[in-house]
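Should a chain be cited, it is by its letter among A, B, C, D, E and F, assigned in written order, with residues numbered from 1 in that chain.
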Amino acid sequence: MTPALAFFYGGMVRAKGVLNMIMMTVIPMATVGVLWVLFGFSMAFGDSKGFSGSPFQYFGMHDVIGATVGTDPHSIPMFAFAAFQSAFAIIAVALVAGCAADRMKFSAWIVFSALWAILCYFPAANWVFGTGWILNQMKAVDFAGGTAIHINAGAGALALAIVLGKRIGFGSKPMRPHNTTMVMLGATGLWFGWFGFNAGSALGANEVGGWAWINTLLGAGCAFLGWIFVEWIRDGHPTTLGAASGMVAGLVGITPACAAVSPIGAIILGLVVGAICAMAVGLKYKFGYDDSLDVVGVHMVGGFVGTVLIGFLGDPNYMAAAHPAALEAHKAGLFYSGSARLLGTQLVCALAVLFYSFIVSFIIAFVIKKTMGIRISTKQELAGIDLVEHAEAGYDLSNVRYTSMRIRDSLVLPSSPVSPVPADKADSSDTKGTQA
Amino acid sequence: MKLITAIVQPAVLDNVQIALATKGVAGMTVSEASGYARQRGHVEVYRGAEFTIDFVEKVRIEILASDADAEEITTTICDAARTGEIGDGKVWVTPVEDVIRIRTAERGDAAI
Amino acid sequence: MTPALAFFYGGMVRAKGVLNMIMMTVIPMATVGVLWVLFGFSMAFGDSKGFSGSPFQYFGMHDVIGATVGTDPHSIPMFAFAAFQSAFAIIAVALVAGCAADRMKFSAWIVFSALWAILCYFPAANWVFGTGWILNQMKAVDFAGGTAIHINAGAGALALAIVLGKRIGFGSKPMRPHNTTMVMLGATGLWFGWFGFNAGSALGANEVGGWAWINTLLGAGCAFLGWIFVEWIRDGHPTTLGAASGMVAGLVGITPACAAVSPIGAIILGLVVGAICAMAVGLKYKFGYDDSLDVVGVHMVGGFVGTVLIGFLGDPNYMAAAHPAALEAHKAGLFYSGSARLLGTQLVCALAVLFYSFIVSFIIAFVIKKTMGIRISTKQELAGIDLVEHAEAGYDLSNVRYTSMRIRDSLVLPSSPVSPVPADKADSSDTKGTQA
Amino acid sequence: MTPALAFFYGGMVRAKGVLNMIMMTVIPMATVGVLWVLFGFSMAFGDSKGFSGSPFQYFGMHDVIGATVGTDPHSIPMFAFAAFQSAFAIIAVALVAGCAADRMKFSAWIVFSALWAILCYFPAANWVFGTGWILNQMKAVDFAGGTAIHINAGAGALALAIVLGKRIGFGSKPMRPHNTTMVMLGATGLWFGWFGFNAGSALGANEVGGWAWINTLLGAGCAFLGWIFVEWIRDGHPTTLGAASGMVAGLVGITPACAAVSPIGAIILGLVVGAICAMAVGLKYKFGYDDSLDVVGVHMVGGFVGTVLIGFLGDPNYMAAAHPAALEAHKAGLFYSGSARLLGTQLVCALAVLFYSFIVSFIIAFVIKKTMGIRISTKQELAGIDLVEHAEAGYDLSNVRYTSMRIRDSLVLPSSPVSPVPADKADSSDTKGTQA
Amino acid sequence: MKLITAIVQPAVLDNVQIALATKGVAGMTVSEASGYARQRGHVEVYRGAEFTIDFVEKVRIEILASDADAEEITTTICDAARTGEIGDGKVWVTPVEDVIRIRTAERGDAAI
Amino acid sequence: MKLITAIVQPAVLDNVQIALATKGVAGMTVSEASGYARQRGHVEVYRGAEFTIDFVEKVRIEILASDADAEEITTTICDAARTGEIGDGKVWVTPVEDVIRIRTAERGDAAI
């Protein structure tokens, strides 16, 4: 799933930055995975201490052997539950990377993403999936993470994009996707994985999983249609990039709603989310923030619209099985119950996560900028980030090789703490800062 | 000796190749190029942002010829490459002082 | 799965048409998905009304909550069943796209594919999987869709290819695959997904699923061998495109048979299907129809051979568990029972679907051609369909950018119904027709 | 999974050899699949006859209908078990291909890989997973194949690389990966599939599966970190190829250990394996064998380190559920029990498989070299193996086509046993030899 | 007539194009090239093995010009392409004996 | 001044580069090309249909040289690029009227 995101994002940048974008997207599979097992799971699903669960309750997964989650005939081992939930934590963090194409120091991203996981995702997961206030006090509906994952990541991306500043040439130089087939590979891979997320969130091969699956299909499919219809009318052509973007926007929008709306509701939700996101991705040019791959336009806006639409479309027949507490507290969506209580709740929760995440992310990014530095130099950016941060090129399809080779003497064992890098290749401060 | 350079539409390369072969032209070198002149480029749209691709794909053909053959080859190329649409391209002829076939080190007209 | 098909097909066209081919293949994920939920599932699995199930019985999935499919200890929620079966509907339609590379109006494809789903797939699914005659009157063996999916799609592709006419340069200009690695990515992705289709058709992690899995492995693997052996003998080299094609041909062939034959039977079936399809793909040059990516040669022929071979190879030991009704009615395959009754049944059903689909598809395509137009102009075809239908290019791997950029004022909100498209870029009739 | 390996390997070779590498990797899906069903499963899981199980007990899967594996409430049909285990057999063989890039006759690889499966993998699977000595006499811990698969394949690759000799230009001419995004696609695909392997080896959705999943995540993630840290210190940059390699190394290392160590243990194991493998890949330049894609450095070394580290890190709490026999026989790992008995056992088993495989593989390769020939000619190697062995090119992304086309008369039916191949294209002996 | 060939940094292509357009230059042909001289290439590392990419990406611009315009075009290109860093490239001028516009078969200055 | 253009096999580029470096040649520009002459192309087969790739990959090397050095450079290239097999390619020499180094605006021999 997260790899699919890596290709969705990777295909959209220029060929000189594809590897960096992939690296930024996959590194949370390692770092956030470790944090999750150490104390993230515990912060998310431990007994609530107000802000989040206690980080020490299941520290390093202790006391998890033998524990289960869910009520009995349908209970699953807590180890399996922790494994399943780790995928959500990882992808939430990886999503943020899309705003930072082509210009962020890789070391700064590692630090930012780890702090973001700890301060933004783990608490939000507690609020929405665990023992926290959104699920338990507010009794809001968020089946698989519209607020905790998408609004959260989108708002974080907005903050990070603002602190980072624009890419050189943003808005004037063309930066077209270098490989639209790779974008589509990623988008369809996300769709495939999302069936697992949404249907799997029913924690069992039961009926709720069945309609979560159907609604995921419809939500993504209709947002795909909604997006390309907007393009067809506005730009004259339905594009493949639009199709891929629409799929993802639809997945985002249906994520909180997939168990609470009927299939007809999912169709409406998909069309609306797709159309709105297709328009929202243009906002960055109006407001001048360089959210390079539209994390805001797709995930923040899509997650927001999906979360709020539940307030209209929440169907009591479906909520009865999947969200009984929310149904009891707020009745169904406005269109079914005539009451705006659910709508209000959804709106409050969505905005709360949005502002929390924006502010905290901004502070994290700002502190990093002032301490270790957050952006590569102009010269490096022009040379291409793959080369300066990773000493690699994504493709070598030519049959002519203008290359010579040297085997390092130090290949097997490191000979010195930092091997010399040609001064015109990388600011040495760059790599030094991150080896610590 | 002369070097004849032609910038043509990619689609006519076959034609030119066959026309030259029937005139007995032994060899040529071809490479990719992009052109910019009267013929307009095209527009692409990515997430609503418009990109104008100014340059149009062309093929460059280079042929070494003896002084005697140059004119005929030039005309053959022009005839084979003509579609009558804007963007058909150009042919030009430059003087060459020496030609060597690497394999045999032959020089001059013998090397062509 | 359907995305895998998009890459299998996309890799085989030229670089200028890859996005259009991917778009044609994935659009049924949206359109057919919606139709399926609205009335397709009902047509396929509602109580039979002769031609098909009633489209209104489960319209929009109403009355599906709480319903189950299958007999009890092994019953599954009908919602889950509908979700699983939607994947079959989508891929059946997507398969047809392979015949239409590089020249079909995208709007015409959307209309064709929707009508084809309604008139060809939903009824055929009813006959083969649901309450219809092939399964229940004829008691034929088609485990996972050799007739309903592959013969059906292949015959539809033949009709569409004939109505569309040949690509410019078909048979004289070379049209080699632009990315054989992408073809292989698609083929192996299909294989992976097919395990889900075939083993999943057993509706549970039971023993039939186990041998369906083994037979799927063997069928695809042996057809892969069969195909490259033919190439090795005929052309002197085993090719990667042949390997990928053989895999897919084998998957097609084993689809109807995977629960009814023994592993040894699957090996034989695979070798035969692979070899026959390797020869059948040449037929288009003999007969002069431009079935661009060999939907006929691979799916129609492969599905036909697989369906008919059950008449020889159907093993009573395996049919007893998976196809008890067919076993009782027709005994086993010719090689086991000495009786040709099963063979005859299979042949009749295969031919019935083939002719039905060919005729109906031809009529649909013909009507579209005469009304909205089915093909892009010659000039557009030469310019490349990605550019004229989608205003995009698949790849931009060069580091030199010959491009300038302009931000549309109308980016956020559409300013006019149809934004102006340069006249030499697209016939405006094109896009207008499809916005309705 | 095996396809993911094909892309992991395929992206690492030069563009002129990508198809051959993919073909070598996927052909075992056909050949080994057939051998597995015929007698491989029987050799691996039949009653032990000393060297291996009897090849005839389940020949062609007879007597498998109705049989089950495992003790009752958790038993699964033997057919499903055979299907699951076939994936291990196939990938073990495919792994070896990585040492043979760009220079091995495809026919020789088919023969080598089949013999290797029969003589090296099927017996080793019996020892480790089935009725043989490593599992049952030695009571060693190897959950999902560190010895049987990775050490085995790595040692085989070393032998084959030595017999094959170096690629032209090895160590002097640069041979950089032609598509690092494809490498990453493969590595992440492997990771995805490995969750299935490792968690699936628990044969059920139980708690052991849960921690196997968590440990697989941590092992791969930490080896990814370990590898890029070594690079960051030694070379000055963390690379994407290093990240992908680290993931795979971690998967290899955690394979035997994933059920026996705690999450903290998995983190340590991952970091150690990643760092050691990052150093080990340089050995080929020191010792001068051309293990082209580092099967030795990643799989043999990684598998060895992972297997041996269990001797230190084996945690009694986890072994109690997953490896009770080993726990009883050897107590836990050195760090927990203070006893080196488990360590000694692991070491002996790892070395035994390593030497057995190296010697047998060397003999197989040597016999092939002396009989049918194992390597393409120098001229062919320079022209590029895709062209001479498969008559294909991986990519055609240019819009200019310097190509003409001819339809073979013999397209539908082979006209002659061997169609003429231009003499300067392929030694005719090549293809002749393998058609038999 | 003259053929002006310029090898420039890829990043300045825009600049050159605009500068020439303002001087009224009607057309040009562009292609990709790699250069090797004072400017050093870069290093890549794959699994610890170092690869030096000796050649640096450049763009080749070719412009046909009448004898009268050649000097101005040359100067315009040089000014627009100058960054002052090593690797800015070279411009050279060669004599052309004949130019033909394929579409119309016009020859000489009329064909430019 | 002269422009020396060589069309050579891709595999000998290293050789040529080293040979020229030892003669002190400061710079060169390289690009990809495809050639068509005595050397035959190859055949590919896709689903049984045969495709003949007529053109063979080559590398174009361009070197600006003073009149005095041109002959030596030409010979050096030929020697370094010779394998003796058909397809070794050609070298040709054309007159150059002016050369400018963009960075410094130096002209003539000083700019080479």
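Quick note on the criterion: a residue touches a chain if its C-beta (ideal position, glycine included) is under 8 Å from a C-beta of that chain, and two chains touch if they have at least 3 such contacts.
It should be emphasised that the depicted structure is a prediction, and the values quoted were computed from it without experimental measurement.
Fewest steps needed to get from subunit B to subunit E, stepping only to touching chains, is 1.
Taken together, subunit B and subunit D share the touching chains A, C, E, F. For the pair subunit A and subunit D, the fraction of shared interface numbers is less than half, so the two copies use mostly different residues to meet.
Judged by contacting C-beta pairs, the busier of the interfaces A-E and A-F is A-E.
The pair A-E is the one among A-E, A-B or A-F whose contacts match those of D-F for more than half of the residue pairs. A straight line joining the Cα centres of subunit C and subunit E is 50 Å long. Subunit E and subunit F have Cα centroids lying 18 Å from one another. Centre-to-centre separation of subunit C and subunit D, using mean CA positions: 33 Å.
Under the contact definition stated at the top, the residues of subunit C that touch 2 or more other chains are 174, 176-177, 179, 185, 234-237, 239, 241, 282, 285, 391-393, 395, 397-399, 401-405, 407-408, 411, 421. Shared contact sites, meaning residues of subunit B that touch two or more other chains, fall at 30-32, 34, 36, 44-46, 48-51, 54-55, 94-95. Considering their complex, residues 14-16, 171-181, 184-185, 188-189, 191-192, 199, 205-207, 209-211, 213-214, 217-218, 220-222, 224-225, 230, 232-241, 243, 262-264, 267, 279-280, 282-283, 285-286, 317-318, 321, 395, 397 of subunit D touch subunit A. On the side of subunit F, the complex with subunit C involves touching residues 44-51. For subunit D in complex with subunit F, the residues that touch the partner chain are 382-383, 387, 391-393, 402-408, 411, 422, 424-425. Those residues of subunit D whose C-beta lies close enough to touch subunit C in the complex are 2-3, 6-7, 10, 18-19, 22-23, 26-27, 29-31, 33-34, 37, 60-61, 65-66, 76-83, 86, 106, 179, 182, 185, 386, 389-399, 401, 403-405, 407-408, 410-415, 417-421, 426, 431, 434-435.
Within the complex, the subunit A residues that touch subunit F are 398-402, 404.
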